[in-house]
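Common to both upcoming complexes is chain A, partnered first by chain B, then by chain C.
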Partner chain A sequence: MAHDSPLSLKYFYIYNSSYGQKEGEEAQKILYYYPTKTDLDSQIKNVGLTEAIIKFTETFNCNQQCESLHTQKTRQLYYQPEDGFWMVLVLTVPTATKTKEGIDHLEYQSDEVQDNIYWAVLKQAYRSFQLFNGSFSNILDSEKDPTKLRYKLDHFFAKYLIKLKPQHADILDVFHGIQFLPLDKKTFLHVQTLVNLLECSFPKVRHTAFLYNDQLVWSGLEPDDMQAMYRYLITSLLPAQMETELQGGPMPRQSAAFSALHFGSRFVSGPSNLQGDDVGKIPKVYLKNDDGPVICHLVIYRALNATVCLFIDEAVSLEMDFFQRLDIFLGHRLTSLGSEIAEQFNHSVASAASAESGAKFVYFNQLNRAQKSTIHLDNRKSGNISVPVDVLRILADVNADFMERKPTTGETIVKTMNDFWVVGKLSNLREFYVVIHHKNANLIEINEEVKKLCDSQFKSIFFNE
Partner chain B sequence: MATTKTDEDVDFKGENDEGKHPEGNLLNFEPEVPVESMLVPTDNFDSFEQEAPPDPSNLKVDSNLAECQNNDNNTVDDDKLDPDTSGASRSISELSLASEESTDHHGEEEVTNNEEWRSQEKHVFILSSAGKPIYSRHGSEDKLVTLFGVMQALVSFIGDDGDVIRSIHTQGTLFVFLIKGPIMLACVCKTRESVAQITVQLNYVYSQIVSVLTLQQLTRIYEQRRNYDLRRLLAGAERLIDHMLIALETQPALLLGAVQCLPLVPTTRDAITNIIVSSCNKIKNLVFAILVGGNQLVTLIRMKKFFLHPADLHLILNLVNSSESFKAAESWTPICLPKFDPKGFLHAHVSYLAEDCEACLLLLTVDADLFFPLSEAKQKIVEKLRRASLLQSINSALAHPGTPVSQLGVPEARHFLYKCKATAQFWGPVPAPPYQTAEGAKRLLDQYRILHHRLHAPMQPLKLLYLQDHAETMLGWVTTGFELYVAFEPLVTKTNAINAVNKILRWIKKDENGLFITNAPTF
Partner chain C sequence: MEASVDEYYLELSSSVVKFDSVSKVTNVFFDDTNKQVFAVRSGGVMGVVVKGPTAATTTDFCMEDKGPVVSIKFSPDQKVLAIQRSKSSVEFINFLTGEMDNVEYSQSCKGKNHIILGFLWTNTREILFVTDHGVELFQVVPEKKCLKVQKTFSLSVNWFVYCPQTCLVLLSSGTLGNQMYPLHIKGGNINKLSRFDVEIPAVPKPPKLCLFERDITLAVLYNEASIIILRHNPRGAGSPGAEVVVYTLVKMMTAKKTHVLRVDLSGRFAINVVDNLIIVHHQASKKSLMFDIAMNGETDGTVTYHQPVVGLQPIKPFTLSLPAVPSPVHTEPTQVHCELYSPNWVVFQPNIIIDAKLGCLWTITLNLQPLLTMIHDKCILVDFLMKRSDSKPVVIQVLQEVLEPTTQNCSHLVVVAELFDHLNEVYRSFLQSELQCHVATPASSSLSVSPSKLQQVLPKPCIVIDQSDMYTNVFSKFVDRARESEEGTGKFEVWVLLEYIRSLTDYHIPVQHYLYELLINSLVQHEAYYQLHQLLQYHVVSDSKPLACLLLSLESLYPAAHQLALDMLKRLSTANEEIIEVLLSKQQILPALRFVHSVGSVDQVSARKFLDAAKATGDPNVFIGVFKFFEQRNLRLKGTTSFAKGEHCDIYVKHFQSLCSGPVQ
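After this line comes the complex of A and B, so read on.
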């Protein structure tokens, strides 16, 4: 649908009501406000409205989080990640011009903005911040005043929000799943052997993750941390390296010959020159743990589309000597493993392409965060999708319905006005959505087609009938 | 209402019954559609947008009321249309008596801290744009003045930005706001209904107020005094609002925007209709004659060219159902039907047919002086009905316990609702286990609500929805002619579900003439 004005980010702010409780000091509540150029009066007014809305809802329910406010022109999502800290995402509702009785008038397309998607986007924004900075309250604790927190928020979100692209968010943002690379037993064991050998030879390494292109092969992190880490890797860090590899989209990948452009292994985070003295800038990450966060250095090494992420205790100081030894250990091994995977990978891509049918699908497993999808034509979140956008919205609707009713198993089938069928299946913690365009099919035929797709794509996974 | 041919009809050429399924090639189960329907077909979604109050200067233009009157009786003074001068309406002069009263704030915390009050499933509040309380479903408005103040502040704060507040969502509670000219309505519910559905319900509540006051009076009151306490004029109407809210929660009719007809042999219904027509056709200015029993429609006769909107008929049914006094004596009451004409009153002669017949007859006219002729006509109608033993027929239809789904030979289905779109009528069997209890019936209606909401989503309506979870499998199907909602046991196979749907449609088709009123009689 053509829009006069598309969905866009209007405001994004973080506040804590316990600051600036005196009249005239309301500005102190505000910890971050986007756009930063917004005048202070508007900032105070909007934060005040959010506070009032939340307080009003508390009249009727104790302990239920207030999640969103819908107005004709905006959608506001609320998230309280830590006690007293609220994050607010304000979106402008897209508009379209409709002609009614010969007169053009502006219509706000409120139903195109789906709460579950943008609430997930907001939550993910917090998780990303937390991964690199720790929790809000931890940043406060050390200094008791929010100056440092304000600085960190500003530093992080200024860059983060530019890449947000809220107009292209869809059901995949709800899942934030991880794409796993299926390998045959032998190759998978080779990967695991390398990881084990690495962790034995370098006991400072606490966890390891292994990726090939944008797909995960092995991870020693908790799924929740890996999910946030994975998203950072594939949306921020690796795209620069992978740009050329990804141009063909997620299914038909580039051949090994093409990837040889990046021949030669190197540190993505760490020293750029192993002969120099500068070990480079090494980011720290805050991993979840029962007794507070564990802080680790994140060292990333890459060869032939294979990426190894090493999580090393913060207490360890990283010297050039360490990187040199690491390079000697990994360089050759990773290059040969990378080409071994590439060979198999190209093989499986060829066979997958031949099995391609007209049906598009999304699969997500909450347990290991595994995700598989054919609804996008590329991985760049550019709105390049293989099903109509209104049909894509139905997937998120069906998901919202599952999450609200919380059945352990369930099935939803819908037929749209333009003869698209959408099938959603929930089986324990696995969700599976299929889109089929078929005008004259009936329920039974659609059911058969979904069964066939399950058999070809997910042979060993059980779905309730 | 003539049906329009759409491309969908092309699908309906299937000849072989078995093995033809929902949304595949289909046999023709489309209902028989009368050339004209007495009820305006509706999807019930016309009332989402907030309406601005009408410009009073053109209140008399394009008025259904004025038109009915001019049609048949040019001698009636136009002034009579103005509710402020018509005898039956409440006098505007009452307004001048209004004075500011002081309110007691002390009780408020008692109410809002009360766990029972907080945990009510559905609150409804009505207030003026100045924040004056008009109605609260639970708890006295007088004790909730601060809360009303907060709601008014939120609405006007967002309004100041040129924006309109719609809803607030928390994990278990939904807050919906509806602004209607000088008054606003808010609903706080924990029922998992959608914003669109709650908005429809608030619109019904608003219509109930308009029905008592007329839009013209409502607008004028607040033009003259922004701070007016509307409760003065609505005394007694709380009961109607309370009753309307219960009906909205328990009756599928309001969800579907349709009415259920009392099942009668077509010749019996025609005989009743003919008696009413023949007894009334000499009376000018009679717009509608409506016979209802057991919350179902027996017959409806209308003045040529005029139609009744189902929403208006629901207001009428609500009036009948919530007023015991009609049983005691014949009554003469003003009623405004907002979809028909929000600007003025119709006058209704309301009476039950006889001590031994629980059907209620409503004769609606634009002429305020018609009580005695209508009373006389009613006597004649009852005499004729009795002579033709039609009172007995109505009584036995009313006494019939209803058809359970088990008698229809569709063992796969637990319950269903069938709506004929063109006539805005629906039929469903009496609830059988597991839906015979109040709790079961509520869950069933909730399931229908979910189907209805998704199928009629304003931006993206659907043709078919099949929902399977642990309690039941639900199927909703909308075609050009009908809507069908079916509840199955949770583990039904798709083949059995489809066979059941075909059986239901075949059964409906066979009994169509008794279950629905397929003609649209006029005076």
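After this line comes the complex of A and C, so read on.
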């Protein structure tokens, strides 16, 4: 369906209503506003309107705050991550020209903007900021003055919003899940013990995460932090890194590894030259903890598609010597482990390809945040999908229905006008959505097919059918 | 005092065999086959005192003096005594009844003008004469007081060495004495093994004998007959000093040079073999070196070059308490400090030291405890200890020390990993040999089991540290400790456990459930739930009902444990009953029924259990649904909707009626 104007980001702003209480000082409420060029008057007006809506809706239900506002041309999502701080996402509703009785007229496709998806997008934006900067109030705490917070927000969101791609947001944003690499017990234990060895040889390392390509193998972080971290690695850091690696030569994987070997460093964050003095720019991350955030340096090391993320206590000052020792320790170990995983990975890819059937699915486990999708052809949020967008949207609708009714088990079957069947299943806190394109099929056949898929995918788990 | 005791790893046995020391009238002989010391006074007239390791081998008698005794030895069963007094014959005296027979009988060697270099009892009634022209094997017939020649073998012989354990005789031939002829005496036969030449570092001019009997030791090392040769290298700049060369007779076939031990000293040496270790005593420094040919060393493919496992260390000082001299004043026994490495020492194989002047015989023994501090590399230490006999408690002690969560140990997980691999390599080969035995024995005994296969099975590893040893002696201590200490060590314990499980998995050894249980408990104790989740997700922990139950019990601490437990029960495929129970306990009545349906056991489940759970939910719709479901079942199975009496469902029928009548009123 061709859109005249696609779904796009209109505004994104963050404010705190407790600031600028006096008349004429309303501008102080605003901590961040996108687009930055918006004139202050419009900023104040929009923020004021949002404040008013939230206040107004509170009179009906003070226990649950307003989450979204639908207008003909826009969709507004409200999220209050911390007391008094509101984040607002305003999207333009896509339009399409329809011909009715010979006259063209513009129609707003309001159904195409799904609240649960964009609310999740908004929440993710906060989690990402929090991961690298800590919470809003913590930034304030040092000097009650929001200047620093404004600066940090500006610095962070200027880059973040460019990569937001709201038009490609879908059910996976709702899940915000992690893809785990399927591995056998032996290889997994090798990864696990390498991580242990590393943490024990370098006691400064607090936590470690291990990825292969864009799939997680081991996380020493808590799931909440890992989710945000994983998102960051997959969508921004690793793609950029792979691009630079790919410039190495015509045989990307091999030559990338070798070039890294010869040109000094495999540190993605850290020194680019182990012989030099410059340890490079090392980002800091704020990990959740019961008693305030724990701040860590994030050092990332890569070899043969294996990525090791090290979370090192902030208090430790990182010297060149540390990176050199780390390189010596990890270098050959990670290379051999990487090739061990590669062997198994290629094997499993080969066997998975042969078992490919017509049905596509998305799976998510709420408990360990594991997700898997055969609908999405890559992990980069580029809109590269194997089913039509409108079908994919149904998944998010089914999910929204499950989340609202909160059954322990459930099943929803939807058939579209163009012969797509969408089956959503919920059992034991796991969600499973199947898309089948099948002309002239009946409910029994579809049920049979889903059952077959369940049998092949869920051999080892309890998934109520 | 305790500390000083532990400084010496070599000791002389506390039980000493005392005998009359060598003097003008007393000659002393040692028979290394029977381990007997003969003290012959005045050629036997004044008595012959025989002392052996047991009462049966200790005796005394008198015999006529027919000239100086050259050699004297009992047959292995102590029934015949052989005495050599001349160069060409050996005399025999029967002790068939235990009492000495009056008549001696004699056997001279077959070759005229041949000189008997020595004789050996190779069997109860079998004796081998070694002459300067070869060997002659006789059968002894004490009843007829005669000997029958069995086999002979001619060779110009310089000297010979014998190993009673293997019945191997090594003859030296050639001008230099370096041509070695190993003979295996077995079942009345002389089995000639292939000859080999020992390299001589510098051939003297004119050529003369330069390899001597004293430089050769025959021993059994790790179940293989070995020839240990001491090689004195000429002094000089760049000279490596003395070396010990070990030839191994693989399966009693051909001798091959396999090991060179770097002694790197010069002077007088003596060699003992204790517990498959080669001990090289060095007289000048009054210290000993220890080598183990099973340890790794530099190798050129055929020969391995070894450094000593432990550097120069003295034997533990020995104090001999002499019986009290009958005197009115001194009634205390006198204490005599024995001189160690004395020039009067004579060393016999495998582990005997005799001080001829003091009149003492000791065996040399190994004390493993001091080695714990002498060998610093823990992997080498454990490898070494694993090959010793009765070393299990010491190995466990080492493991306990290494796995103590001190800061130093915590940074040495690499060593722990390697250590576990070493332990489990032995464990694996032990399990394999167990399996082979198991496969080999139940078959009918006549079934041909090739001897080579049997031999592979036989040399079992000295000791095996299995999972239960590790659990009871090492890992279970973690639990106690974790209760005491508050934090910090927790990660180390989990790491160690995972490393152990990793090692077992690498060696394809099935892991016992108690290790998993411990792992889960350790993770729970340190609240590493997400880590636990990932381990379960990758099936690191093998499924079992007890573990599933453990997980169920963790639900209050970590809600996801419930899902993990259900998954595990599902995988077990024998736990459908448990799955139903779990679901019902969660008031998931309909999912439980659906599960029953999917596993096809609808006709077997108890209606009462479901109805009871459904009633407990308080949801009338659920109850009515379940009730109707079972009514349908009744109809299908019995043709009527009513429940059988044995099902005890009356109260539910009433409940159903009350629910149905409710809305009408």
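Annotations
Quick note on the criterion: the second predicted complex is superposed on the first by the 442 of 465 C-alpha atoms of A that agree within 3 Å, B and C clash if a C-alpha of one lies under 4 Å from a C-alpha of the other, contacts with A are read in each partner's own complex, and residues count from 1 in each chain.
Everything that follows uses one rule, which is that contacts are C-beta pairs under 8 Å (C-beta built on N, C-alpha and C of every residue); 3 or more make two chains touch, one makes a residue touch a chain.
A quick note: this is a predicted structure, and the numbers were derived from the prediction, not measured.
When both complexes are superposed on chain A, chain B and chain C fit side by side without a clash.
Within the superposed three-chain model, A:Ile444 lies in touch with chain B and out of touch with chain C [touch as defined at top]. Taking Cα centres throughout, chain A sits at the apex of an angle toward chain B and chain C that amounts to 130 degrees, reported as a multiple of 10.
In the superposed pair of complexes, A:Phe56 makes contact with chain B only, with no contact to chain C. When the two structures are aligned on the shared chain, A:His70 is found in touch with chain B, with no touch to chain C. Looking at the superposition, the partner that touches the larger set of chain A residues, chain B or chain C, turns out to be B.
Judged by the touch definition given at the top, the superposed model places A:Leu274 against neither chain B nor chain C.
Shared-chain residue A:Thr409: touches chain B and chain C both.
In the superposition on chain A, no contact is made by A:Ala400 with either chain B or chain C. Contacts of A:Leu377 after superposition on the shared chain: neither chain B nor chain C is touched.
Closest contact between chain B and chain C, by C-alpha atoms in the overlaid model: 6 Å. In the superposition on the C-alpha atoms of chain A, the part of chain A touched by chain B in one complex and by chain C in the other spans residues 408-409. Considering their complex, residues 11, 20-25, 112, 118, 123, 147, 150-151, 153-154, 157-158, 162-173, 175, 188, 190, 192, 195, 450, 454, 457-470, 494-495, 497-498 of chain B touch chain A. Touching chain C in their complex are the following residues of chain A: 180, 183, 185-186, 188-190, 192-193, 196-197, 199-201, 203, 218-223, 226, 365, 367-368, 370, 408-409, 427-430, 460-462, 464-465. The touching residues of chain C, counted against chain A in their complex, run 410-414, 417, 491-492, 494-495, 498-499, 501-502, 505-506, 530-531, 533-535, 537-540, 559-560, 563, 566-567, 569-571, 579, 586, 588, 590-591, 594-595, 598.
Residues of chain A touching chain B in their complex: 49, 52-53, 56-57, 59-62, 64-74, 109-112, 115, 390, 393-394, 397, 401, 404-405, 407-417, 419, 440-445, 447.
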